[in-house]
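The same chain A turns up in both complexes below, where it pairs with chain B and then with chain C.
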Partner chain A sequence: MTDPVLKITGLTVEIPTRRGVVRPVRDVSWDIRPGEIVGVVGESGAGKSMTGNAVIGLLDRPAHISAGEIDLDGRRIDDLPEREKARIRGRRIAMIFQDPLTSLNPLFTVGQQLVETIRAHLDVSAGEARERAVALLDRVGIPDPGTRVDQYPHQFSGGMRQRVVIALALCAEPEVVVADEPTTALDVSIQAQILDLIRELARERGMGVMLVTHDMGVIAETTDRVNVMYDGEIVESGPTARVLGAPEHPYTQSLVAAVPRPDRKLRRFPQVSYGGRETAFRIEDLARDWPARPAGDGPFLEARGLTKRFLEKGSLIPSRRRWFTAVDDASFAIRPGEVFGLVGESGSGKSTIARMIAGLYPLDEGEVRFEGEVVAGAGATEAARDAYRSQVQMIFQDPFSSLNPRHRVDRIVAEPALHLGVIPKANVTARVGELLDRVGLGAEAGLKYPHEFSGGQRQRISIARALATQPRFLICDEPTSALDVSIQAQILNILKDLQEHLGLTMLFISHDLPVVRQMCDRVGVLKDGRLVEVAETARLFEAPEHPYTRELISLMPKTDLLSNAGLAAE
Partner chain B sequence: MTDPTHIPADPHEETPLAPSAHRPSRWRAVWDGDLAWSFRRSPVALVAALVVLVMVLGAALAPLIAPYTPFDPASLNLFNGITPPFTANEFTGDYFLFGTDDQGRDVLSTILYGLRISLFVGVMAVLFAMLLGITLGLLAGYAGGWTDTVIMRVADVQLTFPSILVALLIFGVARGIVPIEHRADMAIWVLILAIGLSDWVQFARVVRGATLVQKDREYVQAARLIGRSNGAIMFRHILPNVLSPVLVIATISLALAIIAEATLSFLGVGAPPTQPSLGTLIRIGQDFLFSGEWWILFFPAMTLLALALSVNLLGDWLRDALNPRLR
Partner chain C sequence: MLSYILRRILQSVIVLLVVGLVAFSMFRFVGDPIEQLLGQERTQADVDRLREALGLNEPFVVQYLGFLGRAIQGDFGISYRQARPVAEILLERAPATLELALVSGIIAVVLGIALGVFTAIRREGFAANAIMTVSLIGVSLPTFLIGVLLIWFFGIGIEIPVPWGDGTISTKLFPTFGRGEVVDLGWWTTGLLTESGRASLVLPAITLGLYQMTLIMRLVRSEMLEVLRQDYIRFARARGLKARVVNFRHALKNTLVPVITIIGLQLGAIIAFAIITETVFQWPGVGLLFINAVQFVDIPVMAAYLMLVSVMFVVINLIVDLLYVTVDPRLRIDGGTA
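The block that comes next holds the complex of A and B.
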């Protein structure tokens, strides 16, 4: 066995704050051997990125390493003076950041940035550096590198930009690369290609790669060994197949169990019951006084020929204006009581459709009918719109922006019900307290402000707000994509409960195919604003018809490695 | 390290709130807040706040604490004219801390009364500018399109004129309109209007920018979903979220407004000599500077300097304290 290229021993990071010293990383030890990819996985706040920043020597002050040491190739590097650290950074340890958009300078061509980096680290002439740059671009899979080397970052797509960032990291032929969530900002199809590239390069050049991610699928597919971090400490580490296949620590077990499975449908998501943080969602109490409103026979909601164009280039002269068609002639129907899913990659128009159906965007063409009444598009009457408003509610993607930070929680939850006149003013306080209690937050939560809650708790507040009007139709726009996997399981179970016990009909928007498989009865697949396939969920996953659907499904993360303990199949 | 029984503390706090969630009082919450904490730790902010506080109290309580009533002709004694500071008058034996002017008016007392005018004009002008700027900025940012274009182009045009010039123009127009017998009473309100109108643009710009960011937040979508009116969304939802930068600008513009008032008064188009502000006092004092009676100019000028500097330093501190990236 070769000696480790990077070795971390007992690393502890301290941040002195007003309320005492915080230690986001405590006593962390692991190593990377040449050519090996070591994963660091954990949920937000676990200290994974902080560990990565400590390794490369980029901790933001006042954070600092208070104990432990980092050795590169047998030589201690964490106590070197800043000047020497800077020499190691980039040359011997390189970094790949999450967002390819902000890690390239938009004012310089890709070639200029590569040449500058190469010449900063290696003693070569400008001409040689340029040759190297072209070769590197070729190696990371950029077609026609001789031409593209002179283009600016904005002329590259997101995936291509991330390839350039990787080329930039490779400039000085580093021994270690720290990749912090390198594929989180990318679509699944591109994610797979980038991970393949990182794996190939690690093998080919004998680089050690530290891959920081929250995504179990990425870990399973890419890494050789994995360290599971929880609240600043490593709770389990070992070969990836062993850790994910037969996890020993209860946290790893619950984390693995919470990953949505693409291969089969489960009745419920396994709750992460770690550390006793499960809070009850009292669906029975909610169902008791939920008004029974049997739906008609016909379709519940019908979208016909939805089309939305956004102005791409404005001009005073109408014929000079250029339009971008975000949604192109999409038609589908949602049956009463079902969960209808819409999947697609970023920019496919799924959120635009959700907003058109919610009445937030005017339609350019087409119409939306709710139980036969036109509620959006030409021919919608104000009366029909008003009636529809009290029947529909929405759960948004980002729980940090969907609640007004300056309003108290009781005001936030009461607003829709008060404005629509669904509950009498005198009952509002009691009603809001009851709702907050039933979503598992307790009535006292109403006296606080949104920033006092975690992401999962905020999403529960959103759910309480949506339920206050007792709607029949719920639009969920990526309701869990901003949440950790364990919290995601809780929220998805709540949504399942709502559908089953309250008979809510849902439109469920997501880019995450395994989640869609677990949540939806029928699914529509969107590509570039067009609905390419609509099918029952099981059929769509077992026998996809459209080539694009087949491609999407083949790119789903492989979870065969993951332990099946604790899963209850339907 | 991989001991399965080791359970670190839960960082997510997903547990329900304690049933007896005792809320600290509002005052306590403010005192414990980060803003109050950073205030207590900043010596500059503390000194500046103390200076402003002393001046505001002095101005507010001027009729009670001023040793003389300088604008009551009956109480003036011409023998007290041009008494140097820190000494008793050689004829009357009266003592004046900051000396007197040629009419025997106590400089300290005129400063206290002058501060009243300066602070009143400054605060009112900033409030007026805020009202105008915030409303137009919200409207421009939220409505977009033509409304935005028209408002912001007017703002751009406004910015190309120096604000003193705008104020002078308004002042000139007002002098033409207002009948001569009301001119003295109107002077202060014209000052407020002139300074306020030349100052709204920066409020409008900042509020418009912040509104553009807030308008795409999902909480705005949630309010639109249930059919809340545009007015309710602008003023109830967006406005509270764009106010913290406004607070910073308001403080810094207060310093600028006080100086603008002093400048206008110095140029002779501001507060009349019967109701002198600090600027008027400086203009009057200027005449005596070269004949050796320096105190008539010096003390009002130092007061203006200390006030403007303190308010400005408070504004700088507030900007840093509210901007987490600079911490």
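The block that comes next holds the complex of A and C.
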């Protein structure tokens, strides 16, 4: 067995604050051997990224290493002076960031950024550096690198940008690469390509890779060994197959169980129970005062020939304008009480459809019918539209930007209900308190502001806001994409309860196929604005008809490795 | 690209026409120029004759169109007060204002950006905090007060006792009145070539530039702090680039994108603010000319001055928009996403 290229022993990171010293990373030890990919997995706040930053010497002040040591190739590096640390950075340890859209400087061409990095580390001429840059772009799989080297980052797609970021990290042939959530911002097909590339490069160049992620699927597919972090400490580590297949620590067990499975449908999501994170959601109380409104026969909501075009290039002369068709002739029907899923990659038109159905975008063509009445499109009357508006509510993806930071939570929750006049003014405070209590936040949450809550709590606020008008139809646009897996399980269970106990019908939009499998009764698959397949969920996953659906399903990270303990099938 | 420039120029022309109309219509409320031109001893016949001669009895629209038509040919009429062509008077006065504006503009931009970057990079340092505190004075004191304080300190001067030489040093260092000696180059008069001309420029330039400098500095600082938080800066550091390269190549260029707009607007403001500074220092520029014209209801001079200022604003903004496109590749229309 070869010696480790990177070895961390008893690493502790301290942040002095006004309320005393916080230690976000405590006594962490692990190592990476050349050519090996070691995963660090955990939820947000577990200290994974902090560990990565400590390795590359980029801890933001006042955070600092207070104990332990980091050795690179047998030589201690954490106590080197800043000048020597800077020489290791990029040259011997490189880093890949999460979001390729923000990690490249928009004002310089890709070539300029590569050349400057190469010349910062290697003693070569500008011409040689450029040749090397082109070769690197070629190696990371960018077609026509000779031309693309002179283009700006905005001219590349997300996946291509992440390849450029990887090329930048490889400039000086580093021995260790710290990859911090390298595929979290990417579509599933791009994610598979990038992970393949990282695996290939690690083997080919004998690089050690530290892969930081919250995604168990990525860990299962890519890493050789894994360290599970919880609240600043490593709770379990070992070969990936062993840790995921037979987890020993209760936290790892519940984390593995909470991963949404693509291969079978469960009645409920197993929740991460470790550390007492679960908060009650009192569905029975909600159901008690929920007005019973039996749905009629026939489809609940029908979309016919939905089409939306956006102006791509404006011009005074109408014939010279260029349009981009975001949604092209999409038709589907949602049955009363079901959860209808829409899946597709970014840019496929999922969110555009959600907004058209919610009435946020006008339709260019087609119509939306709600229980037979036209509510959007050419034949919609103002009265029908108003009646529809009080029946439909939306839950958005990002709980950080979908709540007004300057409003108190009680006002946020009350706003739609007050606007539509569903709650009498005198009862508002009582009703809002009750709702907040029932979604598990407690009535006193109304007096606080959104920034005082975590992501999962904010999404509960969004749910309370949506429920305040007692709607019958919920549009959920990627409701859990920004959340940790344990919080995701809680929120998805809440949504399931709403469907089951309150009889809500849902349009559920997601790029995450395993989540869709767990949540939806029927699913529509979108590609480039066209609906290519609509089927019952089980059939879609087990016998997909359209080649694109088959491709998407084949690209899902495999979870065969994961332990099945504690999963109750439906 | 060409169509973009043409469209911008067309918009600029419309802006100029509107500004001209507003300015011209406002003058009707300033007062009656005839009152100022003729003394106490006047007859109704004199008044009528002068009104007829100056075209003041025509309808407003006719007056405005006439003004525009002549202005296009470079004829801004005859000053009521000085009885000389307005264009000639303006040309004579313009170098003084432009030199003043240029020098204070350069001070404001160069020092503003340099101090802004410094205070952003050394955010926690004592010097940066001291500069930030002092800069509050620059932002909050009105221009005329700064001018008067500078005149008191450097013009009138105070005696500071020191234990050597004559026993005191005077702070009376710079002249505070007029332009000093100027050199006439035929089409341009400049104070930059003589000792007294340069000395005379110091206090007015500081007075005029101080506010703009502190504004630019504070703007650069906050933009830079924002940019330094971006992922691409972290990534640049993680790639092992030197702090100097990261700060001055990657961060500064991104900082300047939004700052350029404000700088453009502020350069226009420098010319507009020059009215106050020129009055305080009796600087013989167009601003002082305008103030005097207002007192005597010299409509041709006022109209020409306002048109001149708006032309400058519009041209500066046009340049800023074009600069913007050169700096930020994302705004280039032909740079489509591949």
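Basically, the second predicted complex is superposed on the first by the 554 of 570 C-alpha atoms of A that agree within 3 Å, B and C clash if a C-alpha of one lies under 4 Å from a C-alpha of the other, contacts with A are read in each partner's own complex, and residues count from 1 in each chain.
By definition in this document, a residue touches a chain if its C-beta (ideal position, glycine included) is under 8 Å from a C-beta of that chain, and two chains touch if they have at least 3 such contacts.
All of these numbers come straight from a predicted model, not from anything done at the bench.
Participant: Considering only the touch criterion stated at the top, classify A:F97 as touching first (chain B), second (chain C), both, or neither.
Facilitator: Only chain C; A:F97 stays clear of chain B.
Participant: Counting residues of chain A in contact, which comes out ahead: chain B or chain C?
Facilitator: The partner making contact with more of chain A's residues is B.
Participant: Is A:S481 touching the first partner chain B, the second partner chain C, both, or neither of them?
Facilitator: Once the two structures are laid over each other on A, A:S481 reaches no partner at all.
Participant: Using the touch definition from the top, say if A:E116 reaches chain B (first), chain C (second), both or neither.
Facilitator: In the superposed model, A:E116 contacts chain C only, not chain B.
Participant: Touching A:T325 in the superposition: chain B (first), chain C (second), both, neither?
Facilitator: A:T325 sits against neither chain B nor chain C.
Participant: Let me test your reading of the model: by the given contact rule, A:S189 touches which partner, first (chain B), second (chain C), both or neither?
Facilitator: In the superposition, A:S189 touches no partner, neither chain B nor chain C.
Participant: Quick check for you: in the superposed arrangement, does A:R87 touch first (chain B), second (chain C), both or neither?
Facilitator: Second partner only, chain C.
Participant: Applying the touch criterion given at the start, work out whether A:V165 contacts chain B, chain C, both or neither, answering first, second, both or neither.
Facilitator: second
Participant: Does the superposition put A:T9 against chain B (first), chain C (second), both, or neither?
Facilitator: It touches nothing on chain B or chain C.
Participant: Please report the chain A residues shared by its interface with chain B and its interface with chain C.
Facilitator: Chain A residues touching both partners: none found.
Participant: In the complex, go through chain C and note every residue touching chain A.
Facilitator: Interface residues on the chain C side: 230-232, 234-243, 245, 249-250, 253-254, 257, 327-330, 335-338.
Participant: Enumerate the contact residues on chain A facing chain C in the complex.
Facilitator: Counting only chain A, the residues touching chain C are 56, 58, 86-91, 94-95, 97-99, 102-109, 116-117, 120-121, 148, 151-152, 154-157, 165, 168-169, 171-172.
Participant: Quick one: in the complex, what on chain A touches chain B?
Facilitator: 18, 27, 29, 43, 45-46, 230-238, 248-251, 274-279, 355, 358-360, 385-386, 389, 392-394, 396-398, 401-407, 415-416, 419-420, 440-442, 444-445, 447-448, 454, 456-457, 465, 469, 484, 486-487, 490
Participant: Tell me, which parts of chain B touch chain A in their complex?
Facilitator: 1-4, 6-19, 21, 23, 34, 37, 217-219, 221-228, 237, 240-241
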